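Order of writing sets the chain letters: A, B, C and D. Residues in each chain are counted from 1.
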Amino acid sequence: MRGNTFGKLFSITTFGESHGVALGVVVDGVPAGLEFKLEDLQELLDRRRPGRLNVTTARNEADQAEVLSGIFEGKTLGTPIAVIVRNTNQRSQDYDKEMARPGHGDITFTQKFGHRDHRGGGRASGRETLARVAGGYFAGLVLKEVQFKAFISKIAKFESGDIDPFSTQFKKLHFGDPEKEEEIEKYLLDLKKNGESAGGKVRLHIRGLSAGLGEPVFDKLKADLAKAMTSIGSCVGVTFGIGEDFTDTPGSVATKSRENFGGIEGGISNGEELVMTLFFRAPSTVGQKAKEGRHDPCILPRVLPVVEAMAKLTIADHQMRQNAYQI
Amino acid sequence: MRGNTFGKLFSITTFGESHGVALGVVVDGVPAGLEFKLEDLQELLDRRRPGRLNVTTARNEADQAEVLSGIFEGKTLGTPIAVIVRNTNQRSQDYDKEMARPGHGDITFTQKFGHRDHRGGGRASGRETLARVAGGYFAGLVLKEVQFKAFISKIAKFESGDIDPFSTQFKKLHFGDPEKEEEIEKYLLDLKKNGESAGGKVRLHIRGLSAGLGEPVFDKLKADLAKAMTSIGSCVGVTFGIGEDFTDTPGSVATKSRENFGGIEGGISNGEELVMTLFFRAPSTVGQKAKEGRHDPCILPRVLPVVEAMAKLTIADHQMRQNAYQI
Amino acid sequence: MRGNTFGKLFSITTFGESHGVALGVVVDGVPAGLEFKLEDLQELLDRRRPGRLNVTTARNEADQAEVLSGIFEGKTLGTPIAVIVRNTNQRSQDYDKEMARPGHGDITFTQKFGHRDHRGGGRASGRETLARVAGGYFAGLVLKEVQFKAFISKIAKFESGDIDPFSTQFKKLHFGDPEKEEEIEKYLLDLKKNGESAGGKVRLHIRGLSAGLGEPVFDKLKADLAKAMTSIGSCVGVTFGIGEDFTDTPGSVATKSRENFGGIEGGISNGEELVMTLFFRAPSTVGQKAKEGRHDPCILPRVLPVVEAMAKLTIADHQMRQNAYQI
Amino acid sequence: MRGNTFGKLFSITTFGESHGVALGVVVDGVPAGLEFKLEDLQELLDRRRPGRLNVTTARNEADQAEVLSGIFEGKTLGTPIAVIVRNTNQRSQDYDKEMARPGHGDITFTQKFGHRDHRGGGRASGRETLARVAGGYFAGLVLKEVQFKAFISKIAKFESGDIDPFSTQFKKLHFGDPEKEEEIEKYLLDLKKNGESAGGKVRLHIRGLSAGLGEPVFDKLKADLAKAMTSIGSCVGVTFGIGEDFTDTPGSVATKSRENFGGIEGGISNGEELVMTLFFRAPSTVGQKAKEGRHDPCILPRVLPVVEAMAKLTIADHQMRQNAYQI
C-alpha cells in the first residue's frame, strides 16, 4: 500500500534509494521453465543508463544486474526472481548542496514522510526506473509474440509525424523522424550548456496483442496503461488513439475508422495495434549539477525502455488475468 | 480481478447491466458515525441522469436509490453500504436492432467473453457510472474539507480559458465560459438533429487537499487519478497541471512556478490546488437511436458528477492510506 | 480492507446487517456462459436456514434470493453477479432487551466502531453466512468435477469415527454416525429447554481436487483454507489430515502414509482427498431468547453448507490462480 | 498472487531458494523515523538458525543480514526495506541423493510447476522462514507496546500445563515446564540417533494488544492469525482460547469467563491477552541426512521466532488498517 508493487498476477515489488546500497526488484508470477539470459536483461538496463548518449548525464553507473533467486540452470523456477543493482556511487556530497527541486518531490517527500532523504532524491530519483526495466524484461518473456516499440515523437519544438515504428530505422535518439536527429542533438547540447532542459512526447505502439485484454469497468486496459505510464516521474499526461483530436472530431467521423481508437474499444483490446501518446515535462534544472552542466537536458531517450517495460508489465498482468478465467 | 472494484482502503464494488434488474454499489471502508442524507445522494444521481438537459438523451430513468445496508438511524455503521437503483426500463427491443457501435465495446466484449449482452451495452453502457456517483457520495462524507469542481473547458470547437471554477457562476452545461452556453446549446441541438455528436475537455480542480497524499513510486497520486479518469468509458486522455504545454516548455520556465505542476510534485500532493484536464471523445452515433435523434449528442454535462466522484474516491482512499502510517 | 471481500480472482463481497433491509453478495470472477439455476441456489440457502431442524432456532426467515445482475437468459454473463435476500423480520425489539453476549462480538464491535448496532448483532450475526452460501453456489459452478462434503464428527460428548462421507447415508443432522442421531436430537432438545447450547467438530472432505493448487509460501492451500474456516464466527480451530495426532506421532510413522497429510503437502494439493477438521464453540446463550427457549442449541447442522461454501470459494480462487500461469 | 507477499498495509515480500544465491525480504509499510538496530535484527535471525541447540541440525549457516535499502543514518526512511542473507552453502550434492520427502512438498512442487528444484527443497525449505523473521523485526518496531511470547507446550509425549510465559524463566528449548528440559533433550538426542523426529505444540501469548483489531467478517483477527500460522510449513493446526475444549463445553460454561475466548470476540481483539495454540507435525525423516543423523529431530525451538514474527506481521497490519479509518 506504499505503492512499491505494480501488478496483480504478474507483479514487481521494487526497492532502493538512488544513493543507498542497492536498488532492486522482486518479480513474482513468472511461470516456470522460461529461458533466462543475463545479457538480454543487462542490455535493457544499459539502454536506460545515463551516459549512453552524449546528451545525457555524466553519472556513469555500471548498473550491473545480479540475480539472487528464481533462476536455476538458465531457467525460471516459478519462484520470485530477485534482481539487484548495487550503487557504485553512493556519495551524497553533491546532493547535499542541492536545493529542493520544484516538481521533483523533494518538498512533497518531506511533507509526506516528515523528513527528507537528501541523497539525490532517494526513491523520487529517476534511478528507481532501473527496477522497472529489470521487471519488464521478465514480462517480455511471457509475451514472446507481442512487440513493443516506443519512440520520441516530440522534443521541445521538434515534432515527427505518425510513423510505423516497426519498420523505421531509428537513430541514437529514437526520434520519429531520424533525419532531424543531428539538428536535435545540437539543440540539446546547447540546452545543456545553458543549464536548461527540454520535454516532449513519446509514442508507444504495441503489435500482436490478442483481443479481449482489459476488464470492462475500472480495470480497462487504457486505465491500467494510463496508470502505468503516469507513474513514471516526469510523465504529465497520456492519450489513446488519436488523443486530443478526439475532442473536436464529431462522433460520426471518429467512429468511421477503428484505427482511431488505438486498439482499445470499451476498455478492451480489439486485436489491432495499440497506440498511445505520453507527455513528458522537462527535468527540473535547479541546483549545482545544472549549473555545472552535469545534468541531463532531455531524459526522453532513456525513458523509452522504461515506457516499454511498463507496457510489458501491464500487458503480462492482463494476459494472465484473462487466462485465469478460461475454464 | 474482473475490475469491478475500485480503491483499497476506501473501495467500491459495482454491479449491474444497463438493462438488467438493477445496478448497484457496495461501498466499503466508510467510517462509522457519519451522517447520511438520502436526498444528497439522490441529488448527485440526478445530476448524472440523462434527460436533465434538453440536449441529453430522452431515456428518462427514475434512478431512485435504495439503501440496503450500512446505514442505521441516519448514520453510517462502519459496515459495507449497499445502494441499488432498479432499472425501470428493461426492454431491450430497441437495442436488439442496434448494430455494434465502434469504440463502444460491443465487439471487444464478444471477443473477451465469447458472447454479447445485446441489451444496450450491458456493463459497457455509460449507465454503470451511476454506481460510481453513488460511491463518490460516501467518499465525499470523509472529505468534508476538500472541494471538488469539474467543468467543461471545451465542447467541439468551443473552448473556455483558464478560470477559477470555485468563484464562477456556472449555467446549465457547466461550461467554463457561461456566456457562450446559449450558442453551444444551439450547436448541440443541431448535432442531435443530424444524428451527430461532440467530444471535448473537462477540467477538474480540487481545493483543500492536504499535502502528502500519493505514494512515491507506482501509486503516485497522478497515476491513480489518471487510472480513475481513464476508466470512464469515453475518456481518451488526461493531463496534469499545464499538461501538453509541458512538452515544449524549457525546464527553467516550467519550474519557475509551482502552480504549473497542478498540485502534485514527485507524485505527491503539495497542498496547492490540484488541476487536471480530461479528454473525451464523442459518443458513438451508429444505430437506430441516433437515426431517430434519441441519442445524447454530448455526454460532457452528465460526465461531470462522474469525474468528481472518481476524484473523491481516489482521494479518500489515499487519505486513508496516509492515515494508516501515522503511528 | 474492512474484510468484506473474500478471494482474489474469484471473489465475493458481502453486505448487510441481520436486521437491516437486506443481506447480499456480489460474486466477481464467474466466467461467462455457465448455466444458472435459481432453485439450486435457493436449496443451498434453505439448508443454512434456521428452523429447518426441530432443534434449531424458531426465527423462520424466508431467505428468498433475488438476482440483480450478472445472469441473462439463464446463463452467467461474466459480469458481477449480485444476489440479495431481504430481511422480512426487521424488528429489533427482541434484541433491544438482549445484553451483550460474551464471545459474540457485541462488546468488541463497540470497541472497534465506537457504537453498537443493537439489532441482533448487525454484521456479527451468523446471518451474514447466508451471503457466503450464495457465493459458494457460484464457486461450485466452476468446480463441476470436485465434490465437497462436510459432516458433524462431534457434538458435545457424542463423537463419530472416521468415515467416508461420500458413501454414507446421512440423516437430518449429518452426524458421522447416523445411528446416534435420535439420541443426539433428544440431547439437544434437552439443552434447548435448559437455555443451554453445545459445540462440536465438523469434518470436511474434498474429492476430485486437481494436484498443484496452493502457493508455496504464504498462500499455501492449508493457510487459505484455515483462514476461510476460522472466518466463520464460532469456528475456534482447524486442523489438517490427522491433525492433533501429528503432535505426538514420530516423523517416520507420520510420513509412512501420504494419507496422513490430508491431501496437502508442502502447502499444495497432491491430488488425493483433502481432509480437514474444524472446531466449533457452543453459541452464546445469554439473553432473553435463550431464557425463552427460542435459541439454537447447536448451530453445527446449519454450519455445514457454510463450511462447504467457504471451501468452494477457496478452491475456485486457487484453481483460477493456477490457470493464470499456464502459458 | 504466487503468495510470496504477506500483509496489506504492512507487508513483506520474500524470495530465495534454500540453495540459491540469497534469501531476502522486502518490507513495505514501515513508517519513517523508526530507530533500526542491525544487532537486534541479527539476534532474531540467530534464534531461528539451525545449530544453535545441540538437538538441531548441523547445517551452520552464518545467516548474516545485509540491509540494501530503506535505512539511512540508523533510521527507517518510510521506503521499502530490503534485507538479504546470502547462502554460504550452495552445494546441492547432498540433496541430489535425497528422495522426495512425503509431506514436504517435493512431489507437489513438481505437480505444480512441472519441474523440481532438487536443491534441498527450494522455496519449500524451512529456510524461507528466515525472511519472515527479518520482516517480523520491523513489524515489532511499530508495536513497541505489545509483547509477543511463544513457547513449546508439547514435544512428542511431553506436555506442559498452562503457564504465564511472561513471568516464566525459560531454558534453552523454551518448553513450558523448564524442569523437564533435561529429560526432553535426552529424548530428542535419542530420536536423532535413530533417524527419527518429533512434533508438538506451540502456545502463543500476545499481551498489550489494543481492543478493536480485526474486521467483522472475513478478515477476523483469528482468521488472519490462523492463516499466518498455518502458512508455516509444518504447522498442521491452530486453535484459539481454550481450543478443542470448546467442542465439549456447554455454552453457558464457555461464556462464563471472557478468558476462554483467548482475547478475541466476534473476530475482534477485546483488549485481553490473546492466546492461541499451534500444532506441528514432526519433520520428514526420509533421506540421506536422516540416515547420517544430520537432520533436525525437532524444529519447535527454531519455529518460535517464526511464530512470533508471523504474529507481529499480522498485528502490525491490522493496527494500520484500524488507524486508516480514524478520521
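FYI, contacts are C-beta pairs under 8 Å (C-beta built on N, C-alpha and C of every residue); 3 or more make two chains touch, one makes a residue touch a chain.
Keep in mind that what you see is a predicted model, and the values were worked out from it rather than measured.
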{"item": "Chain whose Cα centroid lies at the greatest distance from that of chain C", "value": "A"}
{"item": "Contact-richer chain pair [C-D vs A-C]", "value": "C-D"}
{"item": "Between chain D and chain C, distance of the C-alpha-averaged centres to the nearest whole Å", "value": "28"}
{"item": "Rounded Å distance between chain A and chain D, as computed from the means of their C-alpha atoms", "value": "39"}
{"item": "For chain A paired with chain C, centre-to-centre distance based on mean C-alpha positions, whole Å", "value": "46"}
{"item": "Contacts with 2+ other chains: residues of chain C", "value": "1-2, 4-5, 8-9, 14, 29, 78-79, 112, 123, 216, 321, 324-325"}
{"item": "Sites on chain D touched by chain B in the complex", "value": "8-9, 29, 31, 78-79, 142, 216, 319-321, 323-327"}
{"item": "Touching residues on chain A, where the partner in the complex is chain D", "value": "1-2, 4-5, 8-9, 11, 13-17, 20-24, 26, 28-29, 32-33, 66-70, 72, 75, 77-82, 84, 112-115, 117, 119, 122-123"}
{"item": "Chain D residues touching chain C - in the complex, by the definition given at the top", "value": "1-6, 8-9, 14, 101-109, 111-113, 123-124, 128, 154, 156-157, 191, 195-201, 211-220, 222-224, 226-231, 233, 236-241, 243-244, 246-252, 254-255, 258, 260-261, 264-271, 279-286, 297, 321-322, 324-325"}
